[in-house]
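Multiple structures are listed underneath, in structure tokens.
Two complexes, one shared chain (subunit A), two partners (subunit B, subunit C).
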Partner chain A sequence: MSISTRSHAARRDARAALLFLAPAVLFLAAFVAYPLLTAGVLSFHSWDGVSPRQWTGLANYERLLGDRIFWGSLRNNVLVALTAIVFQVGVGMVIAYWLVRVVPRIKRFAMFVYVIPVVISEICIGLLWGFVYNPYFGLLNGFLNTVGLDELARGWLGDRSTAMPAVLVVMNLTYLGLYILLFVAAFENVDEAVYDAAAIDGAGHYRTFFSVSVPMVWSNVQATTLLAVVSSFKTFSLVYVLTRGGPNNATDVVSTYLFQAGFGNFEAGYASTIGFAQILLTAAVGVFVLGLMRRGKRGEA
Partner chain B sequence: MRIRSAWRAALAAGAALVMLSACAGAGGSTDTSGGGGRTLEIWHAYAGQKDKVEFIEYALDTFKKAHPDIKVKEVSAEQSSYKTKLQTAMASGNPPDVFYTLPGGYLKAFVDSGQVLGLDDELAKQGWRDSFLESSLPSVTFGGSTYAVPIDIDAALVWYNKALFQAKGWQVPTTWPEFLDLAEKIKSAGVVPVALGNKDSWPATFWFQYAEMRMHGSGVMSGFGAGDKNATFGPEAKDAAGTLQTLAQKGYLPKGANGMSDAEANILFLNGKAAMVLNGTWQIGMSAEAPAGFELGYFPFPTFAAGKGNQSDVLAGVAASFAVSKKAKDKEAALAFLRHITSPEVMTKYVQIRKTMVARKGATTPEAAGPLLAGVVQDVIGKADTLDPFYDTAMAPKTTETYYSTLQGLIDGSITPAAASEAIENAAKAGK
Partner chain C sequence: MTSSTIHVTRQHPTAVPGTTGRGRPRLSTGTAIVYLILAVHLTVVVFPFLWMAYSSLKSNKNFLASVWSLPTDPQWANYGKALGEGKLLVYAGNSLAVTAVSVALTVAIATAAGYAFVVYRTRWMPWVEVAMLVAMAIPAYVALVPLVATLRDAGLLDTRTGVVLPTVAFNLPVSVLIMRAFFSTVPRSLVEAARVDGASELRAFLRVMVPIARPAMFTTAIVNTIWVWNDFLFPLVLLNTPSKKTLPLGLTDYVGERVTDYPVLLAAILLAALGSFVVYAALQKHVIGGLTSGAIKQ
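Right, the complex of A and B next:
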């Protein structure tokens, strides 16, 4: 085969590849890139969505820097991400290990139970928990009153000091199942021979978990941690259903604040600024987390 | 085997039905062909509210019968998504011909950007303008021109559990000190005095506004809206904010009121776990599913002895209105629909269905309204000097947000009445 026919074939392949990629690229361009650019332009404007937009330069970004509600909501996002890493990725990993290695018999049933909240719509979950937290006829206060801990009963979602923790509990319990699911799949792919070797060396479950299972699925740990962090920075529906970001912005996350700015206050320009800041921050945190974990892996090896 | 395939067919049919009904229901649109070249696109936000859907369907059906030559396209959405939907349509330059709109600040934004047809000329014909209650027009009138026709009027007053009051021997209060004494009594009986579910922030506004109306006077927000430079909530705003905070601090509100929806608070009220609620006339409808033995009573908001406001004024405002877009192609058809929906026949039907007050004079008949609403109209609204529209709908959207979160802060004690009144005053000034 001569060189010219080979390069001809390669060119034909490239053309075919372009043809197959085109629909996806066009779709992304029309529905992701274009809106993103528009939002970027909009973030330098003041616009109520109706009247002509006005160029305001960096005014929106200056306002963002001094906006206490924005920083408060960002702080809540960080809280969501930190608890997600500990209680979704971390605990999910432990439970998955336990299901795969210790009690494989109940694995199917247990996974079924854990996954229920993942497949139910977040709106329903939020509404259900709203009733759990209801101070008068809710399950939680009802339970506390029954066991004689009346003084602990309170208006969970309406109290500044308990609203955010209450939201965090719901979030972590809701998404935990997803991470268990992912880690069960990952742990099951680990070669049995590795475990046998560990057993021969006299490793217990604690040692096996940290020295065998986790390092063997480290790339999964990285991916799921990134997933947890990114989704924590985008989280919206549970907060919106449970508290609307209240009381007095105490549980606002960036997305609910963005929604408020855009569709409550009709400040489309400022909402775009918030959205842009959110994208940049999420990307930065994602890169940071990945870098941290890559180093963690190297330390391990 | 046969059973299974029958099942499958049933499932498929069911799925198709669900999809069909989903299209016709919330967020859907229905084309109703009437032939001819005239078309009219009508948008409304009544989806998901049974009684209101019944009303708009009645209005549309009778309109189509009266105008068989006009092809009506109905687009319905649910209240919260409707705002976004209309906003987007307006921004993209594709507004519907006729649209449902909240009065006040929400409508004003569209008017300011020149999207809404002025109705003055049309209202002057055949005494149309005079057929509306005078108090209902200011909230749809900007710079001297009227841009929408008001549909219904909601008034806020104190509702109480009559049976509970009788059983405990509690007396209906007329003054604020009496109200506070009563609340203390109710609280010591182990009942929540006031059912306030403030998760959506609007329920608390009634308390602030009524206190402000009693102590300072009505018309503050209308002043801000009209661009009056001297408009102010006055030094009384601090005391008005204080009354709300007092209720919270003395434990007269439910625990965690800021995290409770108004529906949850209503459950407390209907089940006798809370004794009173300050709410709109829609409380009549919300009490329809109360347990047996529940009887709804009402009294006007208490008076403040040293207050500068008129002590019988009522917090009441237009809940919804319909407007015509400037870009509407067939303006005649659009105006015909506005005339139709505000006709005595359609309006009285609405009163019958929803037990609400309407803006059309004479349409809220005692027969259609039922004894409770008829009583409210006569005893409370009839004695009012001024109906002061709801601040939050009269405010610019951003001002509303500050107003809402500030009142939440008053309830949870994170802001002082002085700081709260200052924040609200500044937001109102900034929002025009």
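Right, the complex of A and C next:
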């Protein structure tokens, strides 16, 4: 093939590539990149969303540094992420192992049930759990009364000390199914011969799980942990529908606080600052978690 | 990760759920404990739904008198009330329209892009890929304030089109990666044959590749359907007129308005959840496949 035809082919490739990618690039540029950059610009402004905006320099960022509600909401996001790593990735892995290796007979049925909350809208799930936690006719209080623990009954979502744990329980129960699903798929990909080797070694399920299964799917553990962290910082709907971030911002996550600032208080500039700071922090956490896992892996090998 | 790893780990003496070692058929204590734990857990997961189903048939008086009891005299009229007063069919229609258009656009655009990533090698391609990966980690709410301003300027605020556009954009990266993963499994020779055949690039794609890619496109469509049908954030911020609202958004309005007749509320929640459940039950394999590939790629 002569050089000229090759460069001709390259040019043809480039033109075709442009044609096939153009729609995707345009959509991402217009509705992801552009709003994001605009948010960056807005974060240095004071703006109510309608009237002309005013440049205020770093004032929004200074306010953010001293904003206890923002840091509280960020702490809640971190709580969501940490509980997700333990109760979704961790527990999901154990349950998936049980379903694949210990009680395969109920695997299909159990997976069917676990995935139900994942496919139903978070709004329906949240409204339903509102009934569970209701102070007057809630299922949870009803249960406590039945078993004689009346004094524990309360308005779970209205009480500052129980609201966030109550939200976390709903979140982890709801999304766990996704992680069970992912780990069932991962464990089923592990070569049966590896388990045979472990069995010959006389390894029980406990050792097989930690020395065979988990190391074999370590790349999935990393990917799902990253997924759990990223999703935790995206979370909005369940918190919104359960508590709107209340009582007294006790359950606010960054998304609900941003929503309140931007569309409740009409502080569009400050809302952009919250969002922009959030991206930077998410990136930092993501890099940190990935680094930790790399190290964990090395330490184990 | 072979036997050498196993030897290094220290022995753990305590019996752990299901420690049967090699023996399979005997129901050991461990396996029994696993069954028990899973039974309790599955009950916790499924009971709220069952409770919702039977409580939705109670009268309000009956419901308030006892939360646990089964309905003595099923009030099927609750469902009629929920449908009528809740305008659930209007909302469901909007959800259907937004979902259908968003999913069709996303799948079409993602298929073309996923194909391009695998087939063409240009110098700027890796940059587009990195941009896609970065976009996946970005929470949609960060873009909300500017999006509202942009859509307002374009006259698209409070329209269903205005919901579709950012929805497609934010669901594209994962969808493109699913399609790319599929096209990378197509034998290179088949792609080359289609292109050399004298057909134009576009024709090779439409005539040869799209038919082969149908299963992957279906998977992408399924995950997107779940995401868009259930999405709440964009409709909440971008829609205001009741007759344009999607199902999750309309449902929260209805719940807000109507605080007294709880069984009717439960009926409305159940109806709103029913669509997703029926699709899931009917297409379980595809839904699970779609969720798996949609999540792993992140």
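Going forward, the second predicted complex is superposed on the first by the 289 of 301 C-alpha atoms of A that agree within 3 Å, B and C clash if a C-alpha of one lies under 4 Å from a C-alpha of the other, contacts with A are read in each partner's own complex, and residues count from 1 in each chain.
By our rule, contacts are C-beta pairs under 8 Å (C-beta built on N, C-alpha and C of every residue); 3 or more make two chains touch, one makes a residue touch a chain.
Because the structure is predicted, anything quoted here is derived from the model rather than measured.
More residues of subunit A lie in contact with C than with the other chain of the pair subunit B and subunit C.
When the shared chain is aligned, subunit B and subunit C each come close enough to touch A:Phe263. Looking at the shared chain after the overlay, A:Gly275 reaches subunit C, while subunit B stays out of its contact range.
Of the two partner chains placed by superposition, A:Thr225 touches none, neither subunit B nor subunit C.
When the shared chain is aligned, subunit B comes close enough to touch A:Trp156, but subunit C does not.
By the touch criterion defined above, A:Phe137 reaches both subunit B and subunit C. In the superposed pair of complexes, A:Gly49 makes contact with subunit B and with subunit C alike. Of the two partner chains placed around the shared chain by superposition, neither subunit B nor subunit C is touched by A:Ser73.
Residue contacts after overlaying the shared chain place A:Ala198 against subunit C, while subunit B stays out of touching range. Shared-chain residue A:Thr243: touches subunit B; no touch with subunit C.
Across the two superposed structures, the residue set of subunit A contacted by subunit B and also by subunit C is 49, 137, 263. Partner subunit C is touched in their complex by these residues of subunit A: 10, 12-14, 16-17, 19-21, 23-25, 27-28, 30-36, 38-39, 42, 49, 95, 98, 101-103, 106, 110-124, 127-129, 131-132, 137-139, 142, 146, 173, 177-178, 181-182, 185, 194, 197-199, 201-207, 210-212, 215-216, 220, 223-224, 226-227, 230, 233-234, 236-237, 240-241, 254-255, 258-259, 262-263, 268, 271-272, 275-276, 278-279, 282-283, 286. Looking at the complex, you find that subunit B touches subunit A at residues 83-84, 87-88, 90-91, 109-110, 112-113, 115, 192, 198-201, 254-261, 264, 267-268, 273, 397-398, 400-401, 405-406, 408-409, 411-412, 414-415. Chain contact summary for the complex, subunit C toward subunit A: residues 1-3, 5-7, 9, 11-12, 14, 16-22, 30-31, 34-35, 38, 41-42, 44-46, 48-49, 51-52, 63-64, 67-68, 108-110, 112-113, 115-117, 120-122, 125, 128, 131-132, 135-150, 165-166, 168-170, 172-173, 176, 201-202, 205, 226, 229-230, 232-233, 236-237, 247-249, 251-252, 255, 262, 265-266, 269, 272-273, 276-277, 279-280, 284, 287-288, 291-292, 295-296, 298. Chain contact summary for the complex, subunit A toward subunit B: residues 48-52, 130, 133-137, 153-160, 163, 242-244, 246-249, 260, 263-267.
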